[in-house]
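Next come two complexes built around chain A: one with chain B, the other with chain C.
Let's turn to the complex of A and B:
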């Protein structure tokens, strides 16, 4: 039998089996939020959750990432490269949208003459055990981005929550191998498989938000100077939540952090956001993206125009975090709707 | 790569622009650092930070590499406080640089403003080198500054003015006693000099406003979009197309540029 069953009370066993060889990341509760944390006590794993507030991209691309450490002795400088990252990770409970975001992240980080080997290495050493979303949120719109709440292609192992147990399916070779190692998993019955299919259908139907993204890049490209950018950026407060918590955002800053009163420190990269005025401010004082208008436009264009131009796919996974967490309620879905209307207006003009 | 400060030259009267000459601590690093004019590098002071600076030296100036730095923030102030013998970190070369191969056999019009002249100096020194001079035709240089105290690379300019195979036109924004060259912004001076677009390439480097006004003049002079090359400035961190901020549309200035032809710029949003 290809598909197996993992009882929920066997999660501890699963953890104990794997934690010897892997850093085991799973959803946990921290300050009333769900985040992906490195598990030390399997009892901490939260199984009934929608999705994490901070996307699991931080396991590949941490908020603070040490590039190297240094010591300064007068005019002599000692550089200490970070240790080789050969630790293996498991991300248990990743949602399909976030697993898809890993494809988008790796497209970017592995592209071009200069590849981000730190992140590529982490990805290589990471296994995804994901879970389908039986109950998507009202802000979810993965089905508009050719995804669905049971999309398993981007995972290594895919689980379906069947109340007291999970249906377990190996997707990648990596995943299939791992399942073989977990020889104590029992075979799934036909009833289990049918139930999973049923849940998948229900979940897909539960996503009511449908936004039309078919021609979005073509609409956006010629409308760089459209007045719509003024409209959709009016309520933006430039806090950057949408991009910090976006599973596909990749921007970072690089700074030297000195240990106070000691001649040593580290060069780190930290998450940055294109919604900040400092992000593009030239030393001369000139700023090519001087107001929220340009900055909001850049974020939308990056996801829905530039990324598709460079990689042939949308730069959004439909997780809805930016919709749900924006303190000013600037709803991406509404913005897309407005953008789509630009084109309709044009068509109307043509027909007249 | 680590380098050592070999020499420090103060470039202007107010002493907020300095050129640092660096030598590689490791011979292998020097050999691997193959660059062309127009490229930049990320230079850093450990403990202060890193910043992208255009390479002011030419690869024909063997043995060291030069950066001209204006004192602005933490890192650049750190460079200004450097002493001979200090250690400077270096990553690069970054960016595409001037297309020196495609420019062969052409008349070259070099237009620069302010201290963005550094990579233009690199280009001019490269072309004027005995090995390369025959590959290029006439060279016209228009170099503008706020005032006479801001004119960089004085010894080089004096050398060039003595030569008959390069025409150097200097301009400053306002009249000054003793100033015998042109007065006025770069764009109108280019209009007055009116270089011919015939078999020519114009290379433009300066503040964004100068680039924009100069492009308009060159278009008036019937330069085609492909004949106008611009080196753009943008805030950068990584220099390798990953940190995100130097994008114009779907291009990154650090890896796809900093040199873009006007034809390329017209395909991109005007967000620079």
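Let's turn to the complex of A and C:
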């Protein structure tokens, strides 16, 4: 497989070449946070970053997404055509865990009886140019989810940071085609390729957080009523940080907003979270998940039990955002550890 | 005394009192802090055994206001029979203030609580530290002498403690909880008198309304509406928050400017004369939004207009709960 080299000072050239045909998204610093922003000035691109605070899922699945607008004429409702959906996007600098999250997102949005054409369209028109993580954070745990900091399978083009340049490898046909278009890229040397392999090994060794998720779905399944849920939710304050900033959370709410005194409005999709009291509140006033106990349980079961059951893979990519950002430091790693201990207790009983 | 020695003394005070309260069965559980799992955090903990007392810690990252865990909205600490537990709560000044104010608003029963008063020596501003360190991972943070020592990969930095405190802590006049007979143990303030000192607000107050509006717009526009600020706030205990009203919907739920501002500004209105200045909302915001100036403005207005500071006097009614014929009405402005 032919590999190329992109010098870091050629990022501007890359941007200028592609921005004519694509919305070019890349990590930028907005206020205190690294986020994926639509680039208008390539100088804004931040290349020295761990990962973005808000995951790039917001490009496929924006927090506020206008589905369509409507006009009301008496009893008639006229729906205005949704805006163009064929815009092409490039997400430059996406990390392997977040690229993997796109597989998980699309499992949800494109399978089963109800398919989300808006999001499927966006995904279809999006090209991922990802970068391996030379220095993962101590809270990263992608290797526990069968991933690794240099996992390239979920990207279209995979880059490896070789200090002053990137090693460029086309992964998908889409990616290979795009590389052909960038004819000015120079060929990589054997030394470049070897260095990238070396960095990959080092990065994998640098993942210090190891959590055992092998049997988690089997442990969780029969323990819906276990007292552990009270223990692990005791300090949860009930905000939505863990789910809003999770690259794999897909829950949304749909609202109609009417413009006051004008006969028109819009239908908007917004992010929702299972940690909110409204999420399961029935019209009757009854709420089957009335406290943090049920809500924390739902979040864990969804990612580590229901999702594997529905799609054959874990519903987590190991990015560590929820670990880093939980206001009460209710660490997912500690919760998993406690869950794994449930099983051990059972085994002890069996041996006795 | 240098900060690290103060911390050791406070920690010892917490453990001694917790041990005593548990041993003498004065409380069922102790609500306190333990070491966080990652740097720049601390972890709230509930313990019920004397042998676990040494898990309790004190450092300058104990930013969560533990009073929140006693309000009705979060499942209250109960025993297996569903009876409320008697809680000993580790209380820096702002936790004591929150407990007193919650009692004034009839949300908690102080009789069921033991306040373990400690002389707080300030909470480190996590955002300022992160701004300073940038995109480098912090492995360890500690206090040595009067400095904060930060260690990471290829990183060792010394920062002056006083400069990296929360701004609220710099002006705080209630380091320990106000004393209440039979409820408080440990170090508490007898009859605290709050001086008018809003010198930290001079710059903000000198802004024109337009400039203030720009400041607030710029401050809030990265909000993701995760509501961590609301959920961590001991004063936010409504069963259904105004912003969650959906039969019918009261306010927009999108991340459009107008919707974000509506939430934050109406929440601010509800905090007037109630905010206890713990700064937890700013400490926990995942997007790094600092609500300090908004909260201080509210505190200043309540103090100037009504000579009221929340959470000091368990008998005093807060201005928004009391009505007086003599109240000033000059805020009713005519349109010009």
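Odds and ends about this structure:
Everything below uses one rule, namely that the second predicted complex is superposed on the first by the 344 of 352 C-alpha atoms of A that agree within 3 Å, B and C clash if a C-alpha of one lies under 4 Å from a C-alpha of the other, contacts with A are read in each partner's own complex, and residues count from 1 in each chain.
We take it that a contact is a pair of C-beta atoms (placed from the backbone, for glycine too) under 8 Å apart; a residue touches a chain by one contact, two chains touch by 3 or more.
None of the values given here were measured: they were computed from a predicted structure.
In the superposition on chain A, contact of A:309 is made with chain B only, not with chain C.
Touch criterion met: A:255 reaches chain B and chain C at once.
Of the two partner chains placed by the overlay, only chain B lies in contact with A:116; chain C stays clear of it.
In the superposition on chain A, A:50 makes contact with chain C only, while chain B stays out of contact range.
Of the two partner chains, chain C is the only one that A:30 touches; chain B does not reach it. Once chain A of one complex is fitted onto chain A of the other, the partner contacts of A:76 are limited to chain B, with no touch recorded for chain C.
Where the contact sets of chain A with chain B and with chain C meet, they give residues 253, 255, 283.
Chain contact summary for the complex, chain A toward chain C: residues 30-34, 46, 48-50, 53-54, 63-64, 135, 137-139, 233-235, 237-241, 244-245, 253, 255, 257, 268, 270, 273, 276-278, 283, 291-293, 323-325, 327-329, 331, 333-334. Chain contact summary for the complex, chain C toward chain A: residues 36-38, 41-46, 64, 68-69, 73-75, 127, 130-131, 135, 137, 139, 153, 222, 224-228, 230-232, 240, 244, 246-247, 249, 252-256, 283-284, 286-288. For chain A in complex with chain B, the touching residues are 70, 72, 75-77, 79, 108-109, 112-114, 116, 224, 250-256, 258, 265, 267, 269, 272, 274, 279-284, 286, 288-289, 294, 298, 301-302, 305-307, 309-310.
Contacts from chain B toward chain A in the complex involve residues 2, 44, 46-50, 70, 72-73, 76, 85-87, 89, 207-208, 233-235, 237-238, 240-245, 247-250, 255, 269, 271-272.
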